[in-house]
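The following pair of complexes shares a single chain, chain A, combined with chain B in the former and chain C in the latter.
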Partner chain A sequence: MSTPNSLSGWARWNSTFKRLLGPSAALCVVILFFSLVAPESFCTTQNARTLSAQSVVVVLGAIGMTFVVVGGGIDLSIGSVIALSSVASALVVRAGFSSVTAALIGCAVGLMVGCVNGFLVASARLPAFIATLGTMGIARGVAKWLANQSTIYPPEDWTSSLMAKNPDPVWLLLAPGVWITIVIALAFGFVLSRTVFGAWVTSIGSNESAARLCGVPVVRVRWTTYALCGLLAGVAGVLQFHRLSGGDPTTANGKELEVIAAVVIGGAALSGGFGTVGGSIVGAILMASLSNGCNLVDWNSLGRWGVSTEMAQTLSSWFGSSGIPNYVQEILVGVVIVIAALADRRRHR
Partner chain B sequence: MQSLTTHSNFRRSILVLASLVFIASLGAFSAQEKTRPMIAVIPKGTTHEFWKTVHAGALKGASESGVDILWKGPAREDDRDDQIKVVESSVSRKVQGIVIAPLDEQALVPSLKEAATAKIPVVVFDSGIKWDGRSSFVATDNRRGGMLAAEELGRILAGKGKVVMMRYVEGSASTTLREDGFLSTMKEKFPTIQIVSSDQYGGATVDSAYRVAENLLNRFADLDGLYAPNESTTYACMKALTDLKRGDKVHLVGFDASEKLVAGLRAGSIDALVVQNPFRMGELAVTTMAKVIRGESVPKDVDTGCTLVTRTNIDEPAIRTVLEPPIAQWLKK
Partner chain C sequence: MKSPIFRLTGISKTFSGVHALRKVDLDLAAGEIHAILGENGAGKSTLLRIMAGAEILDAGSMQLSGKNYFPRSPRAARTAGVCVVHQEPAIAEHQTVADNINLGCEISSFGIIDRAGQLRKAREALKSIGAEAIVDPTALASSLTPGTRQLVEIARAFVTQPSVLLLDEPTSSLGRVEADQLWDAVRTMAKSGVAIALVSHRLDEVRRVANRATILRDGAVVESGELSTLDDDALVRAMSGSVVKELQARSTRTHEKICFQAGSFEIRRGEIIGIGGLVGSGRSRWLRELGLKSGAARVSEDRRGEGFAQSLSIAENLTLPFLDRMGRWGIVRSSEQARVANKWRETLSIKCTGPWQRIGDLSGGNQQKIAIARVLEQGTALILVDEPTRGIDVSAKAAIHEILRHAADDGHSVVVVSSDTRELLALCDRIAVMWRGSLGVSKATNEWTEHSIVDTALRGAGVESAA
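Our next item is the complex of A and B:
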């Protein structure tokens, strides 16, 4: 494994490009496929807005998870932290504070759980899988307890604008939450690929003892990766609260697996030492496009591409007229994950 | 050198893909004609028997009123966020109408408002929503169902005795109405019947409801009647009555039908069941939406009806179609 700072600028770019090629090509194929089979609905500005709003939660989780995974760890608590943060923000809004205060508290709650994870994994040296499995349960339980086992609704006059797909100043084009995510993605991508801290994260993921010998503050760096991941899960929770217009303690159940899948599809090595923020985002958008597109497929529109009516009817009778059923979608995502893992294996040989 | 080649290969493939995407998006704007209106029907889930029955009814309604339906549930059963995604993609698809059983009375409001902004009418069925932009609300009149149960239990007990009403869970709107309807009818029509307990919640699982039923039966040794407001509590009461051998003394009136409950009704463990009509609910939801699309006026609330099933009427053809709706005829797969 090579660390980015050991390579020249061009070679570094080139290696990143090669890593991104697979996931990006896969994303293009998916977009192309749905553009062909769902022409009227997939390739529209409205759907671009929708798809971007649908992806933000997993994208934010995947950015944080990339840091943890590149540093050789894993964080299973993301889904629960999203729920906890959304419940916390909802409670703060209901208590009469402003949306901004609520958002800050939601993020702070995420950061707090991230710090606990960091303490358990980096300082107490527990295996990351076990430690975050524990906090996953704790955060979910606390969320249900705080919310008294039901959904917390803010007062009637409270309006959620962060995730409005047709934002109020029209020139924004996308939901404000999407712009927040884009800014975060650029900042965190820069940190991972361009700063000393990013190089440290990579180095402890690829060879921890070598990194320690080189003077990398391993414990502090690992701590920070979990804290950042928790913080981003907190942001995701705030956005989820705005999207559902309520704090739901059962939301994002199993989201951690979707996030890990996005990171793996994006070309990161689960063994640590490699991964890019860009790749993980591509992975997240790929999965979101798959589920969005599967809902939009209209077999009868295939006629325009020269497919016979009988063929379209056969496809309809196989998959039903309601596009591609949910179980096919689940199988597809599973297949994509396996292919991504196989590609990763080939690179390492 | 090799790395340079890879790089230009990469750029070339990106160019090819980009142009293909461009061509595809050109195709997106060519007009397409459709003869029958397309309606999205969005249930709370897809694997439960209840929703399969609604699906069959929706297909019948579609064939009656000359529309096509898109049956699409949330990818993860009972996940609010996933149901919002289905609404959003229905708007993207530009369906002519959305028929939805909302998982949450508030979480779905913003996305349905967006549908309304896009001039797509919305019919809500099964569960209510805190939004008055809907064209119609098609659901079981749960209060009436509770009243039916009270009338039957009062008739069986001939207006006297001690009755326990078990509740389901706190905050469940449909079952609370069934409980309120039962209590008010009992008070009005059978003032001599003594309701000895009406504040015990069975909880969401059969397991918890079973424990509550056992405790209630032990507490009231001279009980005459028992009412349970949904499938799981009815099953728990039936099981507790059978296990404690109190079945021949205590009369049980329950709500909803399942294979086990119908078998219990035939065996005599249950005296009567109030049964909803999910098949008719699916049918009425779709036909109501078809009327909205044609510009006809529709009532704000449509009752899909409750039926009282007893041992004597269980084999009548009308009751049979409620208990065993023609699912196979409409769902070919």
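Our next item is the complex of A and C:
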């Protein structure tokens, strides 16, 4: 029996690998492209650190969102929860408590909103889109209220190395917050693909009534996916606070759409039943690379690849001499999302 | 009779004032196969759902192996040893067959799934129901045909080693071969001491596999006993409360004008052609393609998925394909929709509260009548019907046959795909059998017997490629 068993393991791994292939290839193309058009600035250790620190928030959000989406739901409140959690964290620090306490409070706030979402969607059976649209507004409003509509700055002697681009022990290479994110990613990837809970989430997203009839505790499992998503948004909020050194109630506005885009680019089905943490992370890094790289583009450096000076100047006159402007970035992200959706459609036909 | 391991006493259930069940008593003994019979709406499904924990009883009590049994959820029922195989297979399409078989009772340590163990268990379960050669446990469930989905559901019941197994129309989407495999598996299970309750509309099938029968009418038990003491007439009489006309063979008439021709397949005006064959032999696909080629209206075998918008009303569903006829300048007149719905409600005696009732609330038989009304109203000369009476009770079946005969008498040409051999023989003028994707030559019904249809479906004897 050992041969077919190992074959099945291979088949499972193989199919996951195939699904990750598209997003990964797209990420490679983006990195290769920016390595060519911004060689001095994009392809450096320093930028790798910046990029990883920039990706952290979307990556964490995308991990949580993967669980919700695979379970057949959606969570629009992520961006607001990030802001609320960072404001809460900042307030606790300002009140004189330790950074650890502040971080725990920030995470707890996220978890709390997640539980409310879980209650509304799983227990009260509201449509996820509407319920989380509501909590999105509530969380954002509460954040602004708590912060009195302005950024909460911690005391001047407060410093944090959690998101420092050049970490304190140099051998860390990346900011501690990035390592935290990596550990979370590995843990949650394992949970989704290898555990009973992960299988239950998938079964609910794939066929809810089948799951219920087979004795899967549908309400509890769905509830947990929203709670997890809220918790990870809380963690993201804490890291955002440390990165900006301030609790900004308007931060991460619209982040939920970026997160959903990352999950879709990563190959998850918005109708539920399929998605991988790895894919979503690749999607998140792809989006972060796009905006990071666009800011670093230097058309004049194209000369070394044999592009004529006139051509470089034309490009500069179209897009500005340094960096690709925001609107082009937005168009690019939109195009990537549409391509991802088209690829998904083709795969399922 | 052995002492019952599962005993129901005085079960009652009311839905918004309507009695679905009244004081139902039922005993299941270990190792017996007990058929629960009744027309649609007689309360069979409700009874099954109560036993399975999907519905909570209003009054009465249940005892399982001498202990009180009061499941509040399917999970509780499953834990207590009561398992269900559903009519519509409950399959999570994105997961593998092995995952589906173990769904809800995963093999794990510390919450981590033991995939190899799950696969082994799935293989064992498939083997014990004789389906190991048909279903690959590593395949994605979305690749399964309706027939094999049912086998997965039964394998799923197997892994929990239940003491009671409830089967709800398990063979309604299966062909003859798969059905036989299923019954072999069920008999094996009964021999090992499992008590089995079976809801089915196929009397011949019930007779073949069941020992005892309980018949429900309007939510109450009207008859119960050994099947050997009850003849078919008595069963039908008990179910319907009246004598139902035997399925009548259609008179052989000659039909002149050819209505449609594609390759060697041709159908004449006023003719009913039946297509037999196994599930998965390509009948439904062939019918779909015929529909595209000829522009004929088709009644799908999948009422839920392909047929109706379940949340819309009878009138809206009925007029959906020709809404442009329901008014002028793109404005739909609801009075016109209601008129059309009422017309068919009367002609086909559809039981409903009115044209604006949600179609999802109707019984399968009435839904099927509306599906047929829709293609008749469309007015195409050729009508294609896939499994017209699957999962429909005896009297509704007779009514639907009557409707199709009338349609043919009115000059329509009808193609019927059916797994029910008797239905083909009773309803059609000519019959052709599909075997592995190719359609055999059609012959007049009186040249076929039940045996020769099944034989051709199984072995393709004399099948020559058509088109």
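Operating definition for what follows: the second predicted complex is superposed on the first by the 342 of 349 C-alpha atoms of A that agree within 3 Å, B and C clash if a C-alpha of one lies under 4 Å from a C-alpha of the other, contacts with A are read in each partner's own complex, and residues count from 1 in each chain.
Simple rule for what comes next: contacts are C-beta pairs under 8 Å (C-beta built on N, C-alpha and C of every residue); 3 or more make two chains touch, one makes a residue touch a chain.
Given the structure is predicted, the values throughout are model-derived calculations rather than measurements.
Student: Let me test your reading of the model: by the given contact rule, A:245 touches which partner, first (chain B), second (chain C), both or neither?
Tutor: A:245 sits against chain B, while chain C stays out of touch.
Student: With the two structures laid over each other on chain A, which partner does A:292 touch: chain B (first), chain C (second), both, or neither?
Tutor: Touch partner of A:292: chain B, not chain C.
Student: Can A:343 be said to touch chain B (first), chain C (second), both, or neither?
Tutor: neither
Student: Which partner does A:115 contact after superposing on A: first (chain B), second (chain C), both, neither?
Tutor: After superposing on A, A:115 lies clear of both chain B and chain C.
Student: Decide which partner touches more residues of chain A, taking chain B and chain C as the two options.
Tutor: Answer, by number of touched residues of chain A: B.
Student: Can A:133 be said to touch chain B (first), chain C (second), both, or neither?
Tutor: A:133 contacts neither chain B nor chain C.
Student: Does the superposition put A:54 against chain B (first), chain C (second), both, or neither?
Tutor: first
Student: Determine where on chain A the residues touched by chain B overlap those touched by chain C, and list them.
Tutor: 11
Student: Mind pulling up the chain A residues that touch chain B in the complex?
Tutor: So the residues of chain A touching chain B come out as 11, 14, 17-18, 21, 24-25, 28-29, 31-32, 35-36, 38-44, 46-47, 50, 53-54, 57, 150-151, 153, 160, 164-166, 240, 243-246, 248, 251-254, 291-292, 295-296, 298, 301, 304-305, 320-323, 326, 329-330.
Student: Provide the residue numbers of chain B that touch chain A in the complex, in ascending order.
Tutor: Per the stated touch rule, the residues are 3, 6-7, 10, 13-14, 17-18, 20-21, 24-25, 27-28, 30, 32, 46, 68-73, 75-76, 79-81, 84-86, 88-94, 104, 106-107, 109-110, 114, 117-118, 171, 333.
Student: Where on chain A is chain C touching in the complex?
Tutor: The contact residues of chain A facing chain C are 1, 4-5, 7-9, 11-12, 194-199, 202-203, 205-207, 209-217, 269, 273-274.
Student: Chain A touches which residues of chain C in the complex?
Tutor: 54, 73-75, 78-79, 84, 86, 90-96, 98-100, 103-106, 108, 111-113, 115-116, 119-120, 123, 137-138, 156
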